[in-house]
């Protein structure tokens, strides 16, 4: 099957109940795809953020798509807190697996290497450990009385992210966003939206190939110009801070959030 | 101190007894630098190859520079065996730490992440385990009766490799040879020879930056055009197979090897 | 307070304190939502002879990383990051920070974004500088409700870093890790030791004769306002608008 | 033997056997010093409807990897590599291979290059095809002196792959992992079961009526010689000279 598809077709790999891994804002968030998933009504996701998230986790949680959320943080930085995430945690409507950034990196890199676990210094003495019975402390076999945390590998069913370019073979150029390599390697399938299609072979030029994820990791690519909006895309556009501030204010209530969905998700945004 | 130096000055970071890590032939081997190290008479190296080596380990071992060799293989592929490596192992004049390729990758990635060990599937049942008391088998704490090997992190004192380009700040473009990132991250210091100097900032362009090791990992860069010869440099030149065949024949004896050193190492090669 | 001092924003005093705390660092990394540390780090690049590397975790435009977001954590693990910054919904007198919840974790009364990299970087970076823009008994507490990252560790736990200071709009505390206790180093212009004592929920060492925090030198202020502020505005528009009066840019795409 | 068959090189027969063994694979990876597997993989790209991905570990010009040499091992660990190839200084009847030493490891009588990735890939790649160009009692032994990688593992050891076949200039064996034992599948044209028995140092299953290995179809041979041979020459010049008569290129830099 051709790897370049319409957005909804590309997203068919993300079934209800999927373990879905997504990157942080700086790495390229597939927001147009996220809105399409909400329109489709996906349910029961186990959402893993590498390592933190803002509007993507917030909208998916608010729209009831998420059963379990594994994250180091969800928020809008200096712009404010994430209201629907906060409300869901306070109401106990999602299962929250609180993590710390390098733990999610380590667990995904473990999957990338085919290992059953990753290791990580630190954490000991943090109350995070009490909330994560799936994290285990062992005595470093190369030390003496030297406790260290092991984290079970995270193998997502699907990785979903937004990148700048793909070619028609399904090779995807991600530039410096090297975490996306790990996401694609660790996940069984990867679905990618891109700003533009490249008319040639991204692997043909050594300089471009060096930052290109080969097509054999990629299951589907959909064209989505400005597909990270209202989040940023490095070198192309910044985040739409006013939109996010307006969102944060609106989503303070359930109805306000419903109005936001109506306006920006269910009624497709005019370009 | 300026990062761009003369070759001998750049190599001053490699002291007698250093743990020195070097890449495989496909990734860019600093052969001109290796000849300079032999001329200087470096001794007692703990040489780690990521993961295998050919002429570089062979010459360093033959010239008596190596006390300990940690490698997955030393040889010339279809061209033949490595005569001085073979002789040294048979005579017991070097301490050999026999490994398997992904074990060296895992141990260096552990150092890259600041972990005391890496994990690796496989190996169990291999006699390599008997030769490596520093490798430990634990029962996977996330499994049941599931043995898995842990490898102590390898933290080289110095990484030494050859790359295509550096800029005057000391940023180094390595393209697809991503193992070199791990080498530079894992090692305390990195010394790099390059084919050419780039007049500009390699980090200024996103496409180039994506495959550039930032200068803060790099201690010294020396210009060495054709610096991988007689090994290959991707996209620039292939290996000099005839030279290697001649070497293999000559180095069958100690005297032949001494003649080779005289001709190609001590008497500097005319360009 | 002189006329010039009256013109100095509290954030500018804090930036100058942080600038002195990162003196000599080779590589300063700045995490999410940290405009004050970012300002100090940009200033250090302009002012200090070492011209430290500065990496802003969440802004690939403003960092040296080329190996993904993980590179911050990796290079901290390698010992290459000298200084980092954390805040906390709560910070307690033992240097513990709470970025997660108020109340019980299972049934919290309040929820914050999350721990980010604190539970790792707090152990791995030698100089962690804490900052908190609300100095109150609500934020600076005897004991945090949830330890996102602990201030100190038992001797057998691998740790090469931790908190060295806490900076607030009122004062600058140093942290003594052997005693897991803060010490009041200076009180900012316009504030008093009594105000600090009244507003702080944890006990701390109070030396006789606590000095006033010096006002930022005029050249520091000038550089901050002329050259650093525009860089900050691109990353922290809300902060730059509030402190430096730089208007927030209009959204890239209008609300539809 | 017909006139056409007389013209077929033993290596070409082996390449065709390997081609059949990798049928249906999505991704075939080829390690160091493996011209026969590389030839078969290139042929599969031209001939099979699946057109498998082919990655040559040591030749970045001829692989799809963009994450360094480690990507072979990572993608094998992820279950994305379907077929890989190993040889061995010794291969024994239980499928163990020896790439390290003859004699005791501490005081060996002979030394080879080393284990390469065998101690990992032998466990992780579903279809490992063994090949050995010297079929003798010296190379195919009852028990290897040193197990670089074991043919089978106890049931509690994580393993998703292992040897499925052994190809030599005389014959093609399959491997039954449940019994850790080879079985003779076919004998190549010009050779006999007796020759195989005489030359093999290990016991194996010998069915009644072992067929002759079919000669490579003419279209396979034509493609191999016209389109695959030149690609091989760039990577394995010595092999290409010997089998296809393509002269080795002169050294890039003259011996000085």
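The letters A, B, C and D name the chains in turn, as written, and every chain counts its residues from 1.
The rule is simple: a contact is a pair of C-beta atoms (placed from the backbone, for glycine too) under 8 Å apart; a residue touches a chain by one contact, two chains touch by 3 or more.
Since we're looking at a predicted model, the values are computed, not measured.
S.K.: Among the remaining chains, which ones contact both chain A and chain C?
M.R.: In this structure, the chains that contact chain C and also chain A are B.
S.K.: Please name the chain that ends up farthest from chain C once chain centres are defined by their CA atoms averaged.
M.R.: Relative to chain C, the chain whose C-alpha centre sits farthest away is D.
S.K.: Select, from B-D and B-C, the pair of chains that is joined by more C-beta pairs in contact.
M.R.: B-D
S.K.: Taking the mean of the C-alpha atoms as each chain's centre, how many Å separate chain B from chain D?
M.R.: 27
S.K.: Which whole number of Å gives the spacing of the CA centres of chain A and chain D?
M.R.: 41
S.K.: Centre to centre, by mean C-alpha position, how many angstrom separate chain C and chain D?
M.R.: Here chain C and chain D have centroids separated by 59 Å.
S.K.: If I count partner chains per residue in chain D, which residues reach a count of at least 2?
M.R.: 65-67, 73, 77, 124, 158
S.K.: Residue numbers in chain B touching 2 or more other chains?
M.R.: 102, 109, 113-116, 120-121, 146, 148, 176, 178, 181, 209-211, 234-235 - these are the residues of chain B that touch more than one other chain.
S.K.: Would you please name all pairs of chains that touch?
M.R.: So the chains that touch one another pair up as A-B, A-C, A-D, B-C, B-D.
S.K.: Quick one: in the complex, what on chain B touches chain C?
M.R.: Against chain C, the touching part of chain B is residues 111-116, 181, 185-186, 203, 209-214, 216-217.
S.K.: For chain C, which residues count as touching chain B in their complex?
M.R.: Counting only chain C, the residues touching chain B are 26-27, 53, 64-67, 73-80, 124, 158.
S.K.: Give every residue of chain B touching chain A within the complex, in rising order.
M.R.: Touch list, chain B to chain A: 102, 106, 109-110, 113-121, 136, 138, 140-143, 146, 148, 150, 152, 174-176, 178, 206-211, 234-235.
S.K.: Under the definition above, what is the set of chain A residues touching chain C in their complex?
M.R.: Touch list, chain A to chain C: 23-27, 50-52, 71-75, 77-79, 81-82, 85-86, 89-90, 92, 98-103, 105, 109, 120-128, 130-131, 145-148, 176-182, 226, 229-230, 234-235, 237-243, 246, 263-264, 269-270.
S.K.: Flag every residue of chain D that touches chain B in the complex, lowest number first.
M.R.: On the chain D side, the touching residues are 32-33, 35, 57-61, 65-71, 73, 77, 99-101, 105-124, 146-150, 153-154, 156-159, 234, 236-239, 248-253, 255-256.
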